[in-house]
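Per-chain residue numbering starts at 1, and chain names A, B, C, D, E and F are given in the order in which the chains are listed.
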Amino acid sequence: MGDTHVLCTASLEERVPPFVKGSGQGWVTAEYGMLPRSTSSRMRREAAMGKQGGRTVEIQRLIGRALRAGVDRNALGERQITVDCDVIQADGGTRCASITGGWVALRLAVNKLMKAGDIVTDPLISEVAAVSCGIYAGQAVLDLDYPEDSEAGVDGNFILRGDNALIEVQMSAEGSVFSRNQMTQLMDLAEKGVVELVAAQRAAVK
Amino acid sequence: MGDTHVLCTASLEERVPPFVKGSGQGWVTAEYGMLPRSTSSRMRREAAMGKQGGRTVEIQRLIGRALRAGVDRNALGERQITVDCDVIQADGGTRCASITGGWVALRLAVNKLMKAGDIVTDPLISEVAAVSCGIYAGQAVLDLDYPEDSEAGVDGNFILRGDNALIEVQMSAEGSVFSRNQMTQLMDLAEKGVVELVAAQRAAVK
Amino acid sequence: MGDTHVLCTASLEERVPPFVKGSGQGWVTAEYGMLPRSTSSRMRREAAMGKQGGRTVEIQRLIGRALRAGVDRNALGERQITVDCDVIQADGGTRCASITGGWVALRLAVNKLMKAGDIVTDPLISEVAAVSCGIYAGQAVLDLDYPEDSEAGVDGNFILRGDNALIEVQMSAEGSVFSRNQMTQLMDLAEKGVVELVAAQRAAVK
Amino acid sequence: MGDTHVLCTASLEERVPPFVKGSGQGWVTAEYGMLPRSTSSRMRREAAMGKQGGRTVEIQRLIGRALRAGVDRNALGERQITVDCDVIQADGGTRCASITGGWVALRLAVNKLMKAGDIVTDPLISEVAAVSCGIYAGQAVLDLDYPEDSEAGVDGNFILRGDNALIEVQMSAEGSVFSRNQMTQLMDLAEKGVVELVAAQRAAVK
Amino acid sequence: MGDTHVLCTASLEERVPPFVKGSGQGWVTAEYGMLPRSTSSRMRREAAMGKQGGRTVEIQRLIGRALRAGVDRNALGERQITVDCDVIQADGGTRCASITGGWVALRLAVNKLMKAGDIVTDPLISEVAAVSCGIYAGQAVLDLDYPEDSEAGVDGNFILRGDNALIEVQMSAEGSVFSRNQMTQLMDLAEKGVVELVAAQRAAVK
Amino acid sequence: MGDTHVLCTASLEERVPPFVKGSGQGWVTAEYGMLPRSTSSRMRREAAMGKQGGRTVEIQRLIGRALRAGVDRNALGERQITVDCDVIQADGGTRCASITGGWVALRLAVNKLMKAGDIVTDPLISEVAAVSCGIYAGQAVLDLDYPEDSEAGVDGNFILRGDNALIEVQMSAEGSVFSRNQMTQLMDLAEKGVVELVAAQRAAVK
C-alpha cells in the first residue's frame, strides 16, 4: 500500500474480557497508533495529549471487528489475542494495511499455539484483508495513496475474507455524494484487490 | 423508528473552527449522547466517567459528516451550526434517528437565518436521512428494532439525500459475513425507506 | 417550576457501594445533568469536556443527600437506587425540580419492589420536596424563574419532608447580604410552597 | 477551631477571569486542599488521583463566594486575589477555619496594596467569618470538633460579616431532620461565635 | 536547608502493592507535593490541573527509591509505609530536604512498630540523607539556596547512607557542562554535608 | 546497544515555547515512547491509559536536557526542534540509545537548515552521546543488556559530549548501595564507551 509501513504484532493472554468470561469463547481485539512523525508534518503524540483521538478509536474498533469475522471464537477457546498496529510511516490506507498485516500476525500467533498443542482445531476460518478504493478525478481507483486520498470526494474501505465473503463495507463522501453505479464499480475493484492481498498474506506466513 | 426518541437541536455560532477560518465557508458539526436510562438497563453516565466512549465518538462524527453532505458550505458563510442529538429513549436505530431528526433541526435553524436575511441563498441542497437495515433470521429487514438489531448478524446504515444521492453506506457483520447479493437487497430496502423519511421530514418542517 | 422540564428516573441495583456493604442498609444516590441546549444559549457538553463541572457535582450530591433523608435505609435493605435527573429545559429551579421529581421516581420504584414482595416494610418515611425562594426587587418571592434568579441578590433552597420536617436549608447571597428577618420570611414562603408540591407529588404517584 | 490548622495565603494577579474582563471590577477566588495525612487515617492525594473530589470543589466554591460578600469589587479594581486554604491538620470545621483565616490573608494583602498606593478606597466592607454548629446528643453545640461532627445528625455552617449581616446559611441533616425551633437555636449560637472570631481576626491583622 | 520547610509524615498500611504481594517483603513509597504558594510566585495547584507534573513524578520516585536503599525489606515484613513530603515553603533543595526529613518520619514510624512488637528486627539499616551541591560562580557550593540554584550551571543531588555508602548520585548541567575534577569536588562536599545531616536526624529522632 | 531499536526523528517548528519567546534563543525538546510490544511481554499503551507514565516523563525530560547541552541556543535562533524517540524493540539501554540516536537526527536536521541558509553558524557544539554501565555480578560492565540490567544492583547513565565534557551523571542503586571506588570504575568505562558511540554517530551522519 504505497509507502505505508505498519508494525503489526499479536499478543496472547490466557484471560478474556468480562463480557466473554465463562462463555468458552475467545476474543480478538486491536489497538492502533501512529508515531508522531509517521506523517510528513508532525502530529501531536496521543499519550501526551492524554487521550486517543476519535479517529484512532474508530479505526481500532474497526480492526478488531474485522479480524473477529475471520475467527471461530469457540475453536480459539477462552483466551484473548491483542493485535497492535503501529504506523511507522503513513502514505494512505493505514487502516487497510493494519487489518491486512494484523491478520498475518494473528495467523502466526495461532500457528504457534497449534504447534504447542494448546489449540487443536484451527480457529482461523479464512484470511481477512482490506483495501481502500475511491473516486479520484472521476475515476474509480484502487488503493489510494495519500495525495489521492485527500482529494478523493468518495472513499471506501472494503474488508473481505479469503473465501470472498464480505465483512465490512464503508463508503463515504466528505463534501460530496455518489451513485449506486459508482458503488458497484468500487466494489468490483475491491474484490480484485483483495485477491492480490490474500496471496501476499499467504506468502508472508510461509 | 420504533420507540426511539431523540431530542435534536441546532445552535448557531458566528465563528468557525480554526481549520475553516478565513475560507468563507461554514461548518456543521454534531454531538451525540444517551441519557443513562434511555436503555432498559442503566448505562454509566459519560460525563461521570470522564470521557465519551468510542461508540459515541464514532456516531457523532458520522452525524456531522452526513449532515455536511447536504450543505453548500459557501452559501452558509463563515458560521457554525452545532446539532445536538440526545437520546431520551433507545429502541434501535438511534444513529439513523439522530441524522434524520438532526436534519429537521438544521432546516429550521437555516429557515430562521434566511427569514432574518442573514443568509440569502439556501445552503441546504437536499434533505439528509438515514435508515438501518439488516439481515435478521435470513431476511433483509428495514429499520431494525432493538431485539432484531442485537441478533442481526449483518447490519447496515444507509445515509441518502432527498435527491437519492448516496452519502454514506456502512455494512458490517459482527461475528458473521454477507454476500454481494445481500448487499444489493439491503440497498434496495434502504432507498425505499429513505423516501418515507424524507416525506416525514418535509411534514415536520411545515 | 415555570418552564423547567427534568426527566427523573430511578434505577435499582442489587449491590451497594463499598462503604455500605455488610451493613444491611440500602443506599440512594443521584446523578444530575443538563442537555447542552436546555438553556437559551448552548452550554458545552460535560462528557465532551471530560468532567462534570463543580456546579453539577454540588447539585447531584445535594439531591442524593435530600432523598436519603426521606428513606429508612434499614427497611430498604442492601440494594442501591440511583436517581438520574436530566434537565431537558431549564428555567430556574432545576435543583429543586430534580429533588421533587426525583422523589416521585423513587416512590414508583419502591412501589414496584413492594408489589413484587422484595420489600415488606415501606422504606419511604415521607415525601421529599424542595423549593427555591429569593429576595427579588426587595420582595421575598417563591419559586424564582430564570430572569428573577439571575438578578436575585439572595437565593435560598429549602428541602422539606411531607411531614414538615426540615432536611436542608441553603441561603446564600452572591455579592449581597441578608438579615435574620429576611431569612424568616423566606422560610415561611418555603413551607407554604412545599405543601403544594407534596400535593402534586401525591397526584403524580396516583 | 479545636486542633484544626489551615494555612491561608492570598496571591495577587493583575488580570481577571474572562467573565469579569472590562467590567472595572475585581475578583476574589479560593482554592482548598487537604494534605493526605491531615486526617488521622491517610487520604489519597487529589493530584495523584487526577482530580479534585466533589467535596473539595464544593468547599472552595463556598470559600470564594463567602469572601466576595465582604468585598466591594469596584473599589478593588480589575485585579484578582486567589486565596489558598491548605489544611495541615484537620479536626472538624475546616471549611469555617478556611473562610475565617482566608479573610485575614485577604485583609493583609489588601493592606499591602493600599500602602503601596495601588488601591485608594478600602475594598473590604467588613470581616467575613464562619462557624459550624450542630445538634449533638440533642443539644445545640458551637464549633463541633471531629468526633462531634461525625455523629451530629444536623450540621450547620453560618457565614456572617463583622457588621452582623448574613452571607450564607447551610443547615443539613445526613440521615436525620430538624425543626424550625432547632434552626433558631443554631442561628443564635452562630451569631455569638462569629463575634469571637471577628475579634480574633482583628487581633491577627494587628 | 535554608528557609525550606517540608512536612514529612509516614503512614502504615497492612497491605503491599501487587508486585510485592506474597514475597514476604515490605514496601516503602513516597509522594511529594508543593503548596501553590510555597514559592514566591504562586504555582498552579496540581489537583486542579488534573495531574502531577513531570517534575513532581520524578521527585517522588527518587524519594521512594532513596528511602528503600536504607531498608531491609525482609525485616519490614509485608506492609507498606507511604512517606508524604509536602513543601510548605520552598527555598531550594526541596527534594533533598524531603529525603532527609522523610527518613526521620520513617524512623519514628518503625520505632512505634517495634515498640508495639509488630516488628522484631530493626528493618532500618542506616540513615538516608541527601544534599544538593553545585558549581556557582565557578565555586563548588554545598546546599544551594534558591537564587544560587537557579543560576548554578551544574547541580548535583547526592544521596548517602549514614554508613557512608552511596545510594544515588545525580549531576546535571542545564545549558552547561562539567569536568571529572569538578565532579570529585562536589562529591567531597556532599560527603561532608551528609555527616551533618545524619547528626541532625539522630537529634530529631531523640 | 544490543537488540534495542529506537526510531529517532527531528521535527522543526518556527515557533518556540512561551518561556523562550522573545529571547532570540531556540529550544530543543524530546518525546519518548515505547510500542506496547517492544518488550517481551506486552505493556499497556500509554495513549489508551490516558497518560504518560512516570518513567516515560522522566526519560523524555532527560533526553531533552541532554541534547540541549550540545546546542548553542543563540546560534539556533528562535525555532524549536522536537526529537521523537520511539522504541520499536527494547533490550536494555533505551534511554541511552534515544539520546545517542536523537543527536544524529538533530545533526541531520540542522545540516538541512544550514544548507538552506536558514542558519549561518553551526549551533551544534559537539556530539551528545550516552551509555549505561552497571555493577553486575560484582563486575563493572558497559552497556548492560536487559537481563543484566534487571539484575544489576547499581546502574548508571552517563551523558557526555564528543569533546569529553560531562553533561549528566546518574548512578542509582535499587535495593543496594555503592562505593566511591565503584563510581570511579563506572565513570572510566563510560568515557571509553562514549568514544565508540561518537565514532558511530559521525559515521551515521556521513
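Note that contacts are C-beta pairs under 8 Å (C-beta built on N, C-alpha and C of every residue); 3 or more make two chains touch, one makes a residue touch a chain.
On a predicted model such as this, the values are computed, not experimentally measured, just so you know.
Identification of common neighbours of chain A and chain F yields an empty set. The set of chains in contact with chain E as well as chain F is empty.
Counting only chains that touch, the fewest steps needed to get from chain A to chain D is 3.
The chain with its CA mean position farthest from that of chain F is C. Comparing mean CA positions across the assembly, the chain most remote from chain E is B. By residue number, over half of the contacts seen at A-F repeat in one listed pair from E-F, C-D or D-E, namely D-E.
A separation of 34 Å divides the Cα centre of chain B from that of chain C. Computed centre separation for the pair chain B/chain F is 49 angstrom, with centres defined by C-alpha atoms. Those residues of chain C in touch with two or more other chains are numbered 50-51. One ring covers every chain here, and the order obtained by setting off from chain E toward chain F is E, F, A, B, C, D.
Those residues of chain F lying in contact with chain E across their complex are 51, 54, 57-58, 61, 65, 68-69, 73, 161, 165-180, 183, 187.
Within the complex, the chain E residues that touch chain D are 7, 9, 11, 31, 33, 35-37, 41-42, 45-48, 50-52, 56, 82, 84, 86, 88.
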